[in-house]
Every structure is written in C-alpha cells, then in structure tokens.
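Here the chain labels run A, B, C and D in written order, and each chain numbers its own residues starting at 1.
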C-alpha cells in the first residue's frame, strides 16, 4: 500500500467535465459545503457559454476525509448523474501509482526517479520496465523494481502481453520515458490506464528518421519537446505540455539532440506532475490544464 | 460614454476577497444561479485552508445584464456583507477608462496606443498627459487628447494638482508609461484610482543611477522589467507581471537599454490587459493574478 | 542618398564564405592589418575542419574608410579569389535600403516603422508597398512613401512587374511584413535582392487553412513564428530567427492569433536587424547567424 | 591520468585577452597557419576600438597536436609577450579536472554527476567533498571518490586547510554545488584555481535570510539563479550565466524553492560546461562568454 502524503491529508480533488449547463458550479459547491468541507482551489472553465463543454477542478479540505469518502462519492453520483457529467473524486494524500517504460536512453527515466526521491512528484513507482538492461542497476539503486522485457522481432504481441500482465491492477498510469517501441492499438486498449509519452518536436516539423539532422540542415533556431497522452494515432494524442530550447549553427546534430534531451526531461516531468495532481482533463483531442 | 464591447455583451465579472470561510463559493454560485446567469470561468484560491485569505474571480453570462445589474449588486451586498468580504461587480462590455502619463520616452506609450487601436486592450483612453511635448503629435494621430503639464522645479504640487484635476471622475485607472517624475504620497491619495507603473529590473539589483551601466560592468546575462501597482513606497508596490530578455558582453549599455525597453513595453501591456480584465487582486503587498 | 550613421562611421563589415582552407583567417586579418584597420569583432566558424564550409564576419575600424574603400575591395578580390571565396564588404555607416510589402495586417509593418524611427534598425525605408490601402495614412505619418498596388484576379504578373519596377535599384532588401500574396518564381528572380518573410509556426505543424483553429483543437501549449529568406520553395527557405509564446486552453483561436502576432513582430524585427547588420550568412538551405 | 576525449583529438583552444592593439588577430592567425593548423572557430571582441580590451578564443585543429604543443606555446609566448597579453593554450581532448563541494542539497550535485556520466560535460571528477554525509552513497555509485570534511564551530580554518590539501595539484577548477559554507579569503587564495558558485536570484533582490518567503510576500512572478566565479566579495563575482522560471500566487514558498532548484541546476550545468570548454574569459568584474 502506498505511503500517504501527510501534507495533503484530508484533501480531495474533484474533476468534472461534460456538457455545460447553468447551475452546475452552484450544485457542486453546495454539496461540498453540506459535507462540511472547505474549498482550497477551484478552477472552472466553459469553452462556450452557449452549448459548450464544462470543465471543473476543485480541491477541498475535509477533516476525516477517509471516513466520508464513499458518502461523498454517492452524493456526487446522485447530484451529477442528472447533468450527464463525467467526474472523479480522488484523495490527494494517496499517491498515484506510476509505471515507467524505458529503453536505452536514461535522461527522462533518471530525472523522474530522482524528482520522485526528492519528493517533487506525488506518485509511487511500483516498477520500471525496459526492453534493455542498461538502466537496471541505476533503477534498483533507487529501491525500485526493474523488469526486463525484450522486444525483438516483428511480432511484439508477446512482449506487450507480458507488460500488460505486470501492469494490470498495479498502476494508475504509465509513462513512456523514451520507450522506443511502437505500441499496438491492442496494448493501448488492454493497459486500461492513461499512458503519457514524450517526443521531440520542431518548428517546422521534420517527419521520419533523423529529425535532428534535418533540423540542422534547415538551420532551425529552436528545438522542442511535446508530452501527450497516447492514443491509437501515434504521437497525435492530446498535448499536455510543450517547451523549446534555443540552438544555433555552431551546434552539431548531436549537440542539438543533447539539448533536446534536456527539454524532453523537463517537459515530461511537468506533464507527469500535472497528471499526478489531477490537473489535466482530456476532452476530444485536447486537454484543459488547470 | 465609452463604446460598449459587443463581444463581451451581458458578461459580468465578480471579484471577491477577504477572510476564507466555508461555504463562500457555494453562497456566491447559488446567487449567480438564482439570477439565471451561467458561469463562464471561475477561479478561486485560498492561501491557507485554515484561517487564510480567500480570492475569487468569476465571469458569468446573464442575458439582459444591464437590466438586472443593480439587483445583482444589492443581492451580492446582502450575501457577502455578513462574511466581511471585499467585492466588486463589473460589466465586462464597458471598457475601463485608462489615462496614460508619459515623459519623453515613447516605447511604452505608443505600444499601448497601438494595441488599443488593434482591439487588444479592453479600455478606452480619454487622455494622455505628459510633462514633455515630443509625443503630442503621435498621440493625437490616434485620436486621443494630449495634455502637456510641465513639471519643473522642486515643487511638483501645482503640476500634480493639475493632473489630479484632469483625471478626477474621468478615469478608472492610470498607467505610468515611463513617466519620469516621482509622485508624492498626496498624489497617490488624491488620484483615488489604481496607478500602474513599469520599471526595469535586474538580477542582481543595481540601485541608484545608471543601472544599465552597472549591469554591464557586472556582466549580467539577463535584464528585466517589473510592472506593479504604485504605493507610497516608491517602486515597492505589489508586482503584477515581470519578464526578462537575454543580453551578452557584445552589447553596449545602450543596446541593453534598448532591449530593456522592449521588455518594458511587453510587460506593461500584459499588466494593463490583466488589470483591465479584472484578473488582478491586490492583497497586502502582493497580487493574485487569475 | 541615405543619411549616414555617425556612430558607425569608418566601420566596415566583411563577410566571407566558401570552402574551408588553412590560412584563410590569417590571410584576411593580415590584409586588414596592412590597411591600418583595427578589428572590432571577428566571428569565424567552419562546419567541418576537414573539407567543410568556412564562414567569417569581421567588423573593423579604419579612419577615413571611405577614402580607401575601393582599394580595400581590390585587395580583397586579389586575396580571396584564389581561395574561391564569396565575400562582401560594406560600410556600416551606410544604412541598407529596406522596402516593406504589406497587406491589411499592420502589426509587423508598424513595429518596423517605429523601431526604425526610434533608431533601433540601421536601415532607411524608401517605400512601403501594399495591395490594400488601409495602412496608407499610418505609413505616411512616418514620412515614408506608400504605394498601393492591388493584386486581384488569378494573374499576378502585372502587379508583380509593377512592384519590381518600383524596387529596381532603389532597395537593398525587401521585407514581407505579412504580405498575403504568393510571389511567383519570376518575382523572386527579378527582384534581385534578398527577401525576408515571417510566418506563424506551430509544434506540431498544422498545414493548410485555419492553423490557429487546428492548433486550438489539438490543444497546443506553444505557438511560434519563423522568419526566413524567401526561395522558390514557398516558406521553406533558410531560417533566420524563430520564437514562441505560451498559450492555454482558456484562449480562443482569436486570442492565440493575437498572441501569435506579437511573436511575429518580435521575430521579424530581430531577423531584419541581423540582416541589416550583415550578421546572417546563407549557405545551402540554412543560415549562420553571427 | 584522465581519459582523453577522442572526438576532440588534436584540437587546441587558445584564449587571449589584454589591451587591444592593431594587428593582434593577424599575428595570432599567422602563427597558427605557420604551424600547419586549421582554425575551426574564432571569436574575437574588443570592448572599445580605441584603447579598449581585447578578447579572443580560437579553436584550431593540428594533426599530432601533442607533438608540437610545447613548440606552439613557446612561439605564442614570443609573439604575444610584446603585446602584453594574457593567454592560455589548452588541448581540448584533455578533460579538465573538476572537484565538487556540496552540502546536504543534492540537486546541483547529482545533475552534474549525471551529465558527466552521459558525456555532456568534458571534465573528469576526481572527488566530491561535502560537509555532510547524506550524498556519499549516491556519489560513490557513480564511481567517484567522496570525502567528508565536517565544518562545525566558528573557526573553519582547519576544515578549509583540509579541503585545500585534498584539492592541491589534483583539480583544475572547483564547483560549489550548493556548498553552504562561507569560504574565507585565504581559502580563495590558497585553492589557486577558479571556483564557480551558484545562487538563487530574484527580481527585485531580497537580501538576507528567507529569500523565497520574502519573494512570496512581494508576489514575484519570476525567480532566478546566477552562476559566477567566486571572488573575495561573496556572491559578487563575475557572472557566467543566469536564468529564470515563472512562478505564481498559487505556489508556496516551498514550491518556489523547488522550482528555483531546477533553475539552479540548469544554470550551473551551463556555467560548468562553458568553463570546461574555455569559453569564459574573466575581465574585471565581468565575463566574456564566447
């Protein structure tokens, strides 16, 4: 059982989204007040006042939260069901369980492990899975289990099935920390939890192999990284966070890749933090980040 | 009478702050629902769930807003007075009236006038006042009245009195767009509306005259600008916005000053925009920017 | 005849590029020394020490530069021709003549005119040409000639010929300040001087019409702008400068476009400045910016 | 003996600074050509064409560099001594030896160790010294010696002497990676190699204890970090690099400190990289970074 985060004891986070209708915020906040909770932060946004979509994140403090959690959930179901809303209530003192999938590159992986150890990420990390073994020792030095699942040959289904088996029931979300295998639609369906990816991005885009070489040839002045939820359209899922770094002509493609790696780890760590704090609401192919 | 902004017709903004108490958000949102309005955006924040300060900004849409505005105000007064809250309701389709005070530098002044003309700033500009005349023609070419009030000699009280007289009742806030006169405490009191200032800022700080020269000598790599509300402690008021730009050894102090001017105009325009949109709440010596 | 810039009197800039060979820098700097000039700044870069390309920019100070300018050129020709180098010597006190082509949008156009008036851009502006008339009054208020050349119907050749006729012999480079007409290959050939363009750019790229709407739907967190030299491959020429600004879900496509406009004008003004200072060397499809 | 960096084999870096005089660049580049070397990059800058200071960094490639290194040095001494220049020639394939001094915080320390292991920093790390033991295991897991030198009581001279003894002859520069002890003037003198420090910085500055708390109370929107060479004026030495990160009202002082730590490690790693690549020239109280 994951260790509770004492600083967030008795703090709940409620996420709601669905078709906008008058009275929604009032109904929800009245419910929270009835349950003797105090609102700490509330962010609400409607993308169109007439017939648009409604998004709300509210963090509230309720002494003895654990004792009334199920009662709160039942009350929310009764209140929000008539409105046709999707919602989720979480106890913020319970860290989300995050699995990391990695390959040979360690920059994103180690950055996440280290931020976790420093207490920067409100998650537990039950496992790291890699199709290579080079990071095993580092991962285990953080006291985190490492599983090696090779992924060779054209048929990845056995490897994917093994990964799904390890993850099933044990994690709340998965992070692809430069995991260099294309995941099948079946995997995305079977894994059953959100999957966050990170990849480089450029202005303009350079499609196909060797993007840093192409970017160098075009003389780009910025290179970037994008973190997004994985959907069946590879690399086309809802964006969580992006950032860029400056480069210039004096840098080799390798220098640019190194700088890109630094942007990747910074962007991925922010995306993971915001997901873990229930700040990100998916809607269609985009996100609202509160 | 200022032209109404049709895009924001029937949209109200309510700002509330004061001692945090359970039930505040519920009470306010219930009131809004009772008045048949639909919440567009709501941001709420408490700086401490136990005994802290409460901040809320809510934008809502109410058909025929003008017809019910006073009724809404009366209802809010009745609801919020028992909680001891400070609050303000504004009709977002009514642009705030902004006076600009300037001296010889035109970079901040012209940037504001031009953004206004492009429709980027939801304000009207009833006047520009300067202690110099060099910008008169430019200002008037935007169709905006220009008043020259010289400020010579050690005693500024006559000039300040004249400025206060021009402003009285005609403006909702004042922007010091590189106005190079120190304003007296009396002026700040008598003007009776918020005053926004912009000044350069450096890491580390360089106090006194010739800051760009000192920054050059120390070899700083970043220069910045800070926009803040003016209080009786000169340049020490609550910060609204800040930004920086990179500089290097090859730049002269004059180059750095030019780059600093570009940061100043960008930062000031954002501070003005957010103030005009009622996004900034002052509290003690800091701000909450929603 | 353009006004000379006194601050840069007697300052020359020499740009050289071509196949890298040992002894090049020594030969050039010896020549400069022989001519009793003092080097102010020298930047040199080879993209590959073995068989790569050589790039050099050197700024030097020579009292009575005008008197020896042709002698310097002759000496440089004699020295550099055997090496097969491309080179150009300019008197930095002579501002480059820049024409601006614009359409209805004024954000890039006016930003350039202001910066020019404030002395931030070492150029003269002999003319602004637009296919619309809405900016005529503004342009002329800066004391700059405005020419209206409409561009209707599918055949743009007459309009393009008229533009080329206005530009011929009168300008050193052309800036497309959001000029919303596709220029023909013939135009690019006939104009005979460098043409600088600015366009929005996104991570990832959104091709075709309505890019801001598409970016909004994908939930991008950054929008950008790219300034480049125009080549026959539309929007694919060598990049001079790029930058980005953050956006979020609460912004409409129009808000994002407004923020994009601010990035565009900032990026274009830097590209123009660097070109005007002879800092940009084109090589293949990229640039070296010293 | 440190491992040589094969990618930089036969590449030399020459740094020169002193009083500007005509002919300097020509004399140096002629010398390089005479020695059959090819210039890869040359950056030169004079802060004033008349009577200013001269700065030059030139990287050149000379097959069999090691065999002619001393001959090159002798020739440079003969050429540059008459000009009164300070200069240094280094073989870029020999990594500089860097000692790290740390205390309990590990963010800067571990970031440097990782980057080093990934090959991002052209240095060797013969030792880490700390006045605490908490990072010992981590440091040693990188295969790097860890020495614990406690620093208690008001008299630090014994601890400082012990540190100097460990460093003497073994390192080329020292990095204070959040080493929370004030170093005496004697230490700075005795250590005999450059010392690089990192500290937080704010706009405006907040002097004394609890800067994050003060910054929070003032509502700053940016927090930063500055890396500089240590001089006898604590925290006032020549700045190498600076950067900032955005913060807002919703962050606690602890959140801001965490974000500040991320800026600190990024800024320090860039300062270390540039120092290790001989890109930084100190002059008076500032730096030229090529």
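Rule of thumb we're sticking to: a residue touches a chain if its C-beta (ideal position, glycine included) is under 8 Å from a C-beta of that chain, and two chains touch if they have at least 3 such contacts.
Remember, it's a predicted structure, so these values are computed and weren't measured experimentally.
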For B-D, find its twin among A-D, A-B or A-C: the pair where over half of the contact pairs carry the same residue numbers.
A-C
Check C-D against A-C and say which one is joined by more contacting C-beta pairs.
A-C
Could you find the chain whose CA centre sits the greatest distance from that of subunit C?
A
Hey, how far is the Cα centre of subunit C from the one of subunit D, in Å?
36
What is the distance, in whole Å, between the centres of subunit A and subunit C, each centre taken as the mean of its C-alpha atoms?
42
Hey, what residues on subunit D touch two or more of the other chains?
41, 45, 250
Residues on subunit B engaged by subunit A in the complex (per definition of touch)
20, 22-26, 29-30, 32-33, 36-46, 49, 56, 61
For subunit A, which residues count as touching subunit D in their complex?
41, 106-107, 110, 114, 118, 120, 141, 250, 258, 262, 266
Considering only the defined contacts, which subunit C positions touch subunit A in the complex?
45, 47, 55, 201-205, 216-222, 224, 226, 238-244, 248-250, 284-289
